């Protein structure tokens, strides 16, 4: 079950023309939360199963003709060979239009792009995974990876936060993850009557962790930028090295290949050098306003 | 939505040019009518249907008590209200009265001023009711109008670029008149939309799409003064079709203060 | 002709190794070195004819809109012979020269990037079919450009854009197509404008490499250096002879004049580093008050490469084209994220531009993004001068 | 006690600008007819005062989005008269060309989308397109090429930006002009088809003894130059406009009406007047076509103005084509100035040009610094207004006698008003009319 399939970067075919866009069809749609749905997208025709491979944390550009493109990270299992999985929240015109599509409809896709989670560097130590809101989407593909390679990772904490209980993504899978020895903690900003878990920001959960070997621990985070900044700071307080802290950032992206200039943060192109970036590389810039 | 969205066009104080833009979309007009139900458009059709409307296009500014009351009714029966053109978005050229004395102005034009009932100001629609989207220009660009209509009909938020005219000048290879000829051009502080027409026709931009954001008029006007342009030459440049937008109004009033306090001073 | 060397494939570009190499550096293939040639001025028409005969669209300097711009040339008569350009911050004027020099000016409002990285280009189109959307790659552009009159700073700019568009993990197909077919006739500057500072940036005024042919104008004609076998082949049409020592000396003197006239200077000793180390400097706010955020500096810059993609659709959405247009970090919409700009004030946009151009460009592409051509100084409507801004930041670094 | 009642057309549709008509009846007889203007005054003459004279063509264009060129043309000619500027032959030709673009755009709009629906009981041109798809599509194409010409020459179709006192800001290139030629070759033929189509409509039987007024020029169909002539024998230079025409304040209405100064009678402007008074100077194709469709020599039926408008559409296309061909082959010299230089000086000047809807009179006084001291603008619809009211009275009297219903009469009234292609946005001289309910 946890055989380790290869996850080669799929950059090659896009190299010559990064604008090459493929037609993908919506194979199914799962409603996750209000305004959030997961789409499985498949290429038409006989396709090499490896066509869907990616590194957890990478993203695709989803294209709705006449509306535009949007960078959406993969939220599925990187070993799956039956399509791309994307969890999308309605935010702008592209995602709104996507929400209006149904099974069988087509759209365009370019990808995968970007630097994903550093799965090799994360191996061999303990791991704190922090996800806020929709940031859970790219985290899930990392969890799939961890589950498939469970013996390569030490203690794994997963700390999930969301505004409300119903906004916590993939809760149906938490038990399965726990069975794989992942220490799942949840917290919400605003509880509902039936909520019995934590209330508050994710950092309070991080601060409470008792790390046996902080120096042997890595922290990864994805969520709102402000949440990630605080999560990283909490990690530092616990003794986690800045070189072992990784954040997945978001910026306006148009080309996804570092050629359009939109997504820069200091010297980093978030699309091509990121979206997952090492905290010590970006810390000088992350706290500068309007950079 | 399964039924076609119902469109209404309303006119206030204006020249008709912006609503004509819809009829100027010759290639698209009949197709638009297949997707949008033109329920009320007096300039084009005698079939004036009652509201409510899904989309209202409002042209013109408010200059009379009756119009101030009418725009409230238009708002009440319209789901998505779009103002089109400089009159509706900023008060238009008729808003120059805001700096004059309305009674004297009326007397200068009409032999029987007592019959004229007009307000002392010309105000944009947004000063009276909530506006869902503003399309700038004197006149508006009919391609932008079609894009906005299609976006609303498809349930998307309409968007138009808000950068300065300069970007369009450069994309079309037009040489900057401020730098190469020293002529005052409002391009650096004016919103895109016209396609950077005036500079391509060898004249400076006169700001008919209104201020860009940001519109650093202070810095630009200081430069024009450095180039030898006196305030009394620059005030009319700012006071035309978008004179009462906050950015252009502030700039022209600063210049008037300079003018009153004596020439030779700079912003 | 240019032969392609495959671009290095690296996910993270050159990290740690410090190894950078330019895509086209070794492209201009030469089997043997050639002596510098000389030909009489009217022979330039023969060169132009030869290039046109070989199917090139020859573009070069000409007078339009009261400025020297780059446009298609049929004849050398269209060159701005006897004209020069006077430049200062925020000011450009054409002036008659007191001689009949053919290239007696420096650089104008256009840069060659408009031919390699066009202001508008279709990337692909989408068509609605019975089974759904089909995506059709753009058709290849077969226009072959020959650039006539490329200055040293502009050769440097092309090298920098090569680095951006061709030498990373991804290549821009439009740029690549046009670049691979490019023929370059460089021209050495024999004068400098008050806004020039290529000597500070080590990009000129001497054309050292990256051309097929390089000319130096002297009173009696042109000296011609050969940079590629193709260049040698083409110049054969010009009845050129090896230059005499006197002609070589005259060319050297002419070129030295440009160096001697260079008055502007930018200290790059602490670049990169200076600007990224001063992100909170008060000068950003101060320049933000003068800056119009109009985008002119980035548009005239021969290396700025930012762009945006827009949808061009017909009403019924049967076909949609994706069009790439020049864009700018000074456009507030440029950094939009979730409906509002990340860089929301002019100071932050100016800071982004300058730190990128002079500082983070080094991290990204192994070179400065500035070639010292001075266009951003001349063509800023309010005359903001980046060399002054850098100096001001250096003067009082943030503690 | 006599009985009074009112027929109201609350909103005149398919006209430019907003207005209505009120018809008052007493004892079954039409007592009076009033054209109500809802257009709020925008006070252009007042806001021009003190501005640089150079602003005038840009600002007066904003009086009307349908015929901005007319306002630009009358204003620049009036100011050039004040400044003593003589324009070059090239500029003169290009101004005619620009005017052709506006006539084409405005006429094609009115013929196809505003007026033709009346002959088939359709509510709009869009509705008519279901019945006559080819004709309406052809009409839209005809309109489009007019706009395209305005765009090339003027920068854009609505409120062009290239016109300036003394000439143009920029002369078009030969290539730009040449690119239009194929469209205009098509346009001449298409406009001929349009004319044949509209000439076959059936027209109400209604004729009046109008006094037609237009410009007239010995060598050409009138646009920018010429004397003012009338079908009653008037022939005066434009400078004498005020001696023969007057805007008056009549008792029954608060609207200004222009009338003949001597007899206080209304007069008739527009395509019908122009064709009647200048038929022999129509372009060759238009002239032949007028004969072919048996257009009456002195047509007095306002409903047939759609034919006159179509003939002018043919003329405008044909004349534009000739100018385009000429310009594309000969063109201006590269040294030819786009505009004539001038020095500001104290003075005044007036001019009249032929807007699509008829004679448009402008007069300005300027000071030595080149600022506008005062301006006066008399748009064609304001001059036609009294004639429109009289027509409605006479026509409806006949319809009343024939037993027409009130609804039909309201419709009739609207249709008749539309034949004038009134442009109510040109509203500088229209006042809001307040109505009192009869007691």
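Chains: A, B, C and D, in written order; residue numbering restarts at 1 for each.
Quick note on the criterion: a residue touches a chain if its C-beta (ideal position, glycine included) is under 8 Å from a C-beta of that chain, and two chains touch if they have at least 3 such contacts.
Model, not experiment: these values are computed from the prediction.
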{"item": "Target subunit D, source subunit C, minimum contact steps", "value": "2"}
{"item": "Chain closest to the middle, measuring from C-alpha centroids that were averaged per chain", "value": "B"}
{"item": "Chains most often in contact, by C-beta pairs", "value": "B-D"}
{"item": "Centroid comparison with subunit C (C-alpha atoms), farthest chain", "value": "D"}
{"item": "Distance from the mean Cα position of subunit D to that of subunit A, given in whole angstrom", "value": "65"}
{"item": "Centroid spacing, where centroids are CA-atom means, of subunit B and subunit C in whole angstrom", "value": "38"}
{"item": "Subunit A and subunit B: spacing of chain centres that average the CA atoms, whole Å", "value": "44"}
{"item": "Chain centre separation (subunit A, subunit C; CA means) in Å", "value": "39"}
{"item": "Contacts with two or more other chains, residues of subunit B listed in rising order", "value": "202"}
{"item": "In subunit C, residues with contacts to at least two other chains", "value": "327, 345"}
{"item": "Of all residues in subunit A, the ones touching two or more other chains", "value": "67, 92"}
{"item": "Chains grouped in pairs wherever the two touch, ordered by label", "value": "A-B, A-C, B-C, B-D"}
{"item": "Touching residues on subunit B, where the partner in the complex is subunit C", "value": "28, 31-32, 35, 146, 150, 161-164, 166-167, 170-176, 178-182, 185, 187-189, 202, 212-214, 216, 218-220, 222-223"}
{"item": "Residues of subunit B that touch subunit D when the two form their complex", "value": "11-21, 23-24, 26-27, 29-30, 33, 38, 41-48, 63-64, 67, 92-94, 96-97, 100, 104-106, 108-112, 115-118, 122, 138-139, 194, 197-198, 200-203, 206, 208, 233, 236, 240-241"}
{"item": "Residues of subunit D touching subunit B in the complex", "value": "11-18, 39-47, 49, 51-52, 55, 58-59, 62-66, 68, 109, 113-114, 117, 123-127, 129, 136-137, 140-141, 143-144, 147, 155-159, 161-162, 164, 169-170, 249, 254, 256, 338, 374, 414, 423, 425, 428, 431-432"}
{"item": "Sites on subunit C touched by subunit B in the complex", "value": "64-67, 69, 90-94, 108-110, 114, 119-120, 289-296, 299-300, 315-316, 325-328, 331-333, 345-346, 378-383"}
{"item": "Residues of subunit A defined as touching subunit B within the complex", "value": "67, 92-93, 96-97, 100"}
